[in-house]
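Each chain carries a letter (A, B, C, D and E) given by its place in the written order, and its residues are counted from 1.
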């Protein structure tokens, strides 16, 4: 194996030799540089491979023919090898990207690049304190040079601030080193570490502290990092990439080395500083709309997280700490480099101009991957790292830190997702160009691939075994690769895959899981049908849909928290991309993502607490969690987490927009199917944990009120909408309120109602969204007052809407009634009549919006421009027809639905279960014979219809303006169709329900955070001297706080 | 004013931090283990009379390599910035007669002294850096005397590159020739203790360092004065 | 000039080009697309005589008057619902919509402007339907016989079952007329609806003679 | 005693340098402050290496081994540190020259193009 | 609660026939009462018969479309459905034809089938007044249903059942066993809701005869209207019977059929009369006013009823 010292030799020799090629054509020095970097990459790569595969062992590298401490030594271990590979690869890629700059900068840039990389290699490998200092200086000088690559005013200003800040930092560090040398008599870190004792720590405190604070300040802690932000912003993006990926990783590792050296003396301080940086930078980034500065904020925040993770691992003795810290660092480095390179390709600084990225749609993929990786979404290493960290913290009582980490992550999601949404949705100027070259594009895709691969690898590194089927994600990957195929073929593939996998999956699902398995699998197949009617490639749709369905399937298949949570996040991610595809969905997709992530983090906390309490991450541990301390809090966390997905009151504001703006066949997916994931999770929690309370407050009781208020207000809001799809979206919230109510009843009948509502809601909401979607598609609007009279143009669609609204409102002959009837009985059983009455009132308000829906669209006056509207396309009608068949089946034979579901629930509780006599269901209170009702209805209907037809066969069929209009005639359909502000009197009486409490609340939260960000970021005055002063203050304060005085 | 008082307060507090070291400090009476090794075994092991040089060039040779690199990087940055901002040069006032005459007189002497200092680095106080700095001071004198004379970088950069490259190669040669011998000076015979051609590679390396530092500092000075690609020194 | 104004005023009924959501342009002819242009049909009485007789008896005993006061005579209709006359006891009731009314009381003079509304409302009633001409004006124009815009003889325009003379007639006269109408219905002679349908061309021609801006299909369904 | 004096001098120089850095708005003066700061650090380093009664560690004859010498390591380090400081100073000056050429001023608070 | 047999079809038809006649006579009587309040003689007792036969005998008809055509059918199905799902007279097989199909929840939801039919039919007529009236009707329904629901919950807890038959049975054995006396608060809440459901003044702005002529069926005529009118005869009876059953002891089958019918008549009549009395005494509410009314007092009473029932039973 090649001696690692050659990494330094090659870089330096090449750098020195480049001076000879000053006059040569620029390609020659450039080629030399690339070659040197490539060789370095190969060397570090071979070491990384060798050590990780076990064929090599970590080695000391001695210099000058002596052994330490006499001479300086380096060390090549697994961590070093991996970091070196990362640094050298990033440098190689950056060199590729910088191809264009070579001409302007002569050989200087290449020299600096090589010196820079050499410095990073040295920082990573060296074991000598002073040597580390030298290498850090090399890095800082070389990077200060690279920052000024274009030598404009901004770069010069930023570079100068960087230099003076670096000088101050290194000054403190140097004093620290020499003090430490005085107390320990050695500069070798291993020697110092071996001597480290409390006594030594006390006498050498000042030195160790100065080293620590110097290293920390190299990592740009909040709030003394204005110079760092300037650097990220001003530099050429490729250089920023190298700084973000290379410098930070290397410096972080150096920080770790010094921290080990001092025996973890400052771990607590590191935790505080790291946490402060993570939160502070993420808050401050909220106000940022310059992409590179934003990335700077994000980079620093990520390093803060890594520092925090390291400190927590050390403080709480969390297992698998190395994996946690390095997964975070690696993910950050790869993703951040990718994003900076991407920023270079895009060439726009304002995040509002990033729409131009859509000129090459394929660039969205790496962008999405990088953002997801930074946010710690699966399947990226950071996900597993965060999981391990949170679980470890919970197990050892670090709840405060969990909250800090997760809220920071959520804040990070705000700005990253907003940025991504902007890029994906904003329009762009056709004249703008992308820097689309081999050299710029290769690195981006390379890092994307590495991130994906690392995700797979890191799953096995996590200390938690995981019940997740990677085949599912494999299928997604296949679809991603095959995205160039026509949409129809991809659709067939996806449906085939779901059909093939789904069969076994549904058969294998047990208990109440099977209900949801049916919904997910059948729902997937049915909602994919409309895809056949869409022409073109539909880039991105099928991978996203596949991702979502993979998540849903994984949810059912999960056997432990990790598998469950991973599936949950995958599902969220997939659905986010699906929702984002909608026309004006930008803000809604963002709030969807934020609420989902927030909910997911609550779930994570809940799972972590369960793990802490029971020591197991199997889903079955929830049963045990029912009796541990804090079980109420666990229940509350999980419930709120799942309720964000179900869009319960207060957590619902994402849903109307997200579902309304989504594409025609996406709305049914996210509304009819996806919402059931929340029901599933909550039902699982409720069944496993039973009734829980926090203090004297019974949680199911609280849930029940939340549920019925959700139902009431959502239904009222639905009635007040002008937009048909928004109406349906609010309706979904209301229906999920019923489901939540059913679950909160914590009884056989309650759960039965929740399951039944889930099933029938799936059926009719998918149908309704498809029907209304096809109307919107045909008429080109979603505003109901612009429609009207479409019954003659779209009769089938009308019919399916009619059946669905009857089912949804629970009017008896159709299947919807069963859910209502069960709820009544369950309410009586539990004696929660007040909630029951509110739910019932909500049910009646449902008539309001349902009538509005069908009237304003299909009845009333047909508009001029809709006179030639055609019936919905076949592939939108087909799924509706299938589902209507299902509705009718369940309506004729309600027992076919209720009996098996009831039997499933009898496994958990039999109290109050329905008794069946033939077709009659008998509860403790009442009885209901759905079959009889159906037949009576049919008979009466037929008889009366016959009477009318026999008597009225001479009726003249007339047209829309043949109405009695006070002896006048209508002028225009638009002025005759009563639809706008349909329920004005209701609004007059109950308008207070419309007051946007929730929206205002969340807006205020958002405004507050943004205001805080806007105010606090003023500390970054741009004045280098102020930054220096801040650093001095930081040092002083840190010293006071760590030592508790002077 | 308030700000200055505050700054003063902060500086005092910083002083307190540093002061916390002072009570525990007293001059050593004996050397730490490693230093003792250098002082006692150094002459035998490396054959250099100047222990500091032995430490700088061999024991802590990697630091020195880094140090050279820092100078190199600094000069590259200076070169880069000057290169990027080529602008028409203002004429500067010529040096006085005395200065010019003195320069003409002193320039070769200073160069010679510089060379002496780095060649004897392993025997007497001094060495590559010091020598290089002396050489550069000659160039400074030159620039002061003839500020409008444009001096090219060509030769300087060749010297700089070649000496640096050689230095690295010599260091790497140690890896080939001995075990773990990066920058080991003993790949050449140690020679007679105390003579010019002793201490193995140390004089060679110091020569290279001297050349390199001299040319680097010179080129920095020249760059700051305003670069010209045409004229050669 | 007059023609132009007319066109402007009824622009709603002119053919127009509209653009469908898919961007296709097509013509909308409101007269064709928004109105049914079928002619009225004759609805013969039930073949089974006793049934028809029974039905007629019920029709006579259940008089639903259209609450549409076309002229000054309408003032005489209101007292009928008061406690003094209490027409309810004779099976009389008022309806606000022609769809549900059976009897149209033309309350006095019918100006040309009102005539159009009268015809429309009459046509929108479902038969068998009956007309009472109240006041002399409906018979011969009364004191407005030479007015430029008052219809002189109502039954040139719609079939009238019973006329009531007087200017103004007393409410008792209206009650008497209702009584007469009942007799007429019971005897099966009140076939005004069929008469209108049979002589539709004649009626329509008469109507169009005085109503120039006939801006609807011939028959208002 | 000599060592302590040197140490305190070094510390004072560091503080004076800091004062210069933090209170002078002129970039050149700030650089001077940094030089002072550096020199202070160098003196501190030397004071650390001082051994009471020791001489410079130049052993002209092998027989002199065993005498009292001052610690050669800080001296080596200080040499390196000086060179690094020199590099950085040169570097800052270059920046200063360029900044002056770009903006026509050397006041640090005029270079606030990037903030927040 | 026995199952299906074919004679039940006959029973159901007879029930409907009986109710139509009863309803027509009731309408006549109510009309008479209305007239007397206005110091008029008023309609003849059998005037409703003439009206409905005349309407069925209309010769011409027009139709606005399929839903317009089916609307009355839905409406009538809804009305007739409630009738045959509700026990008119306890334990009388003739009047209990299909009560085995469901309990009070079924009945109260089946009411909406008619509402929906009317709304859809009126909607397709394309007349703005229909739609306006439907919105008013739905809004008002939503308001008063809450207190009704609370009242039903209250008595469901009281009697521990939601089967109408069982509720009637529990009230047998004397006047004091009626819900009216055992649970007066629930009865009060329900009877206030009853006012809303009867579409009489002060809650009749839905129909607003001159403003939006006759409300939802403004375009209805001929046999379509006839079917609606037929429904209107049975629908109030069905609703009244439901209230009688739930709150006034229902109607038991006495030894004498005459007595049974007299009791049936008296109870339904007086319950019906409650809405009439209120109707002739109070002017009309606007919709928003009636919503505010219903979510104020009846709701409060209903909540008290539920809480009280929860405590007591």
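Rule of thumb we're sticking to: contacts are C-beta pairs under 8 Å (C-beta built on N, C-alpha and C of every residue); 3 or more make two chains touch, one makes a residue touch a chain.
Just so you know, these numbers come straight off a predicted model, no measurement behind them.
Shared contact partners of subunit B and subunit D are A. Chain centres computed from CA atoms place B at the largest separation from subunit C. Remark: among chain pairs A-B and A-D, A-B carries the greater number of C-beta contacts.
Distances between chain centres, each the mean of the C-alpha atoms, put B farthest from subunit E.
Nearest to the global CA centroid, when each chain is reduced to the mean of its CA atoms, is chain A.
Note on chain placement: the centre of subunit A and the centre of subunit D lie 49 Å apart, centres being C-alpha means. Centres computed as Cα averages put subunit A at a distance of 53 Å from subunit E. For the pair subunit C and subunit E, the distance between C-alpha centroids works out to 36 Å. Inter-chain centre distance (subunit B to subunit E, centres taken as mean C-alpha positions): 106 Å. Annotation for subunit A: residues 130, 134, 137, 141, 144, 148, 151, 175, 179, 181-182, 187, 954, 956-958, 960-962, 964, 1029, 1032 touch two or more other chains.
Chain contacts: subunit C has residues 41, 43, 97, 99, 221 touching two or more partner chains. Among the residues of subunit D, those in touch with two or more other chains are 14, 18, 22, 73, 77, 80, 84, 87-88, 91, 95, 98, 102. Every pair of chains in contact is given here: A-B, A-C, A-D, A-E, B-D, C-E.
Interface residues of subunit E, counted against subunit A in their complex, comprise 1, 3-4, 9, 12, 56, 59-67, 69-70, 72-74, 76-77, 80-81, 84-85, 98, 100-106, 109-110, 112-113, 115-116, 119-120, 123-128, 131-132, 134-136, 138-139, 141-143, 145-146, 149-150, 153-154, 156-157, 160-163, 213, 218-219, 222-224, 226-227, 286-289, 291-292, 295, 302-303, 306-307, 309-310.
Within the complex, the subunit C residues that touch subunit E are 41, 43, 45, 54-55, 58-59, 61-62, 64, 67, 83, 86, 88-89, 91, 93, 95-97, 99-100, 102, 126-128, 193, 221. Within the complex formed with subunit B, the subunit D residues making contact are 1-4, 7-8, 11-12, 14-15, 18-19, 22-23, 47, 50-53, 56-62, 65-66, 69, 71-73, 75-77, 79-80, 82-84, 86-88, 90-91, 93-95, 97-98, 101-102. Those residues of subunit A that touch subunit E in the shared complex are 789, 791-792, 795, 802, 806, 809-813, 817, 820-821, 824-825, 827-828, 831, 833-834, 836-838, 840-841, 844-845, 847-848, 851-852, 854-855, 859-861, 918, 920, 925-929, 932-933, 936-937, 939-941, 944-945, 947-948, 951-952, 954-958, 960-965, 976-979, 982-986, 988-990.
Residue ranges of subunit B in contact with subunit D, taken from their complex: 4, 7-8, 10-11, 14-15, 18-19, 21-22, 25-32, 34-35, 38-40, 42-44, 49-52, 54-56, 59-60, 63-64, 66-67, 70-71, 73-75, 77-78, 81-82, 85, 87, 123-125, 127, 129, 133, 193-194, 213, 217, 220, 223-224.
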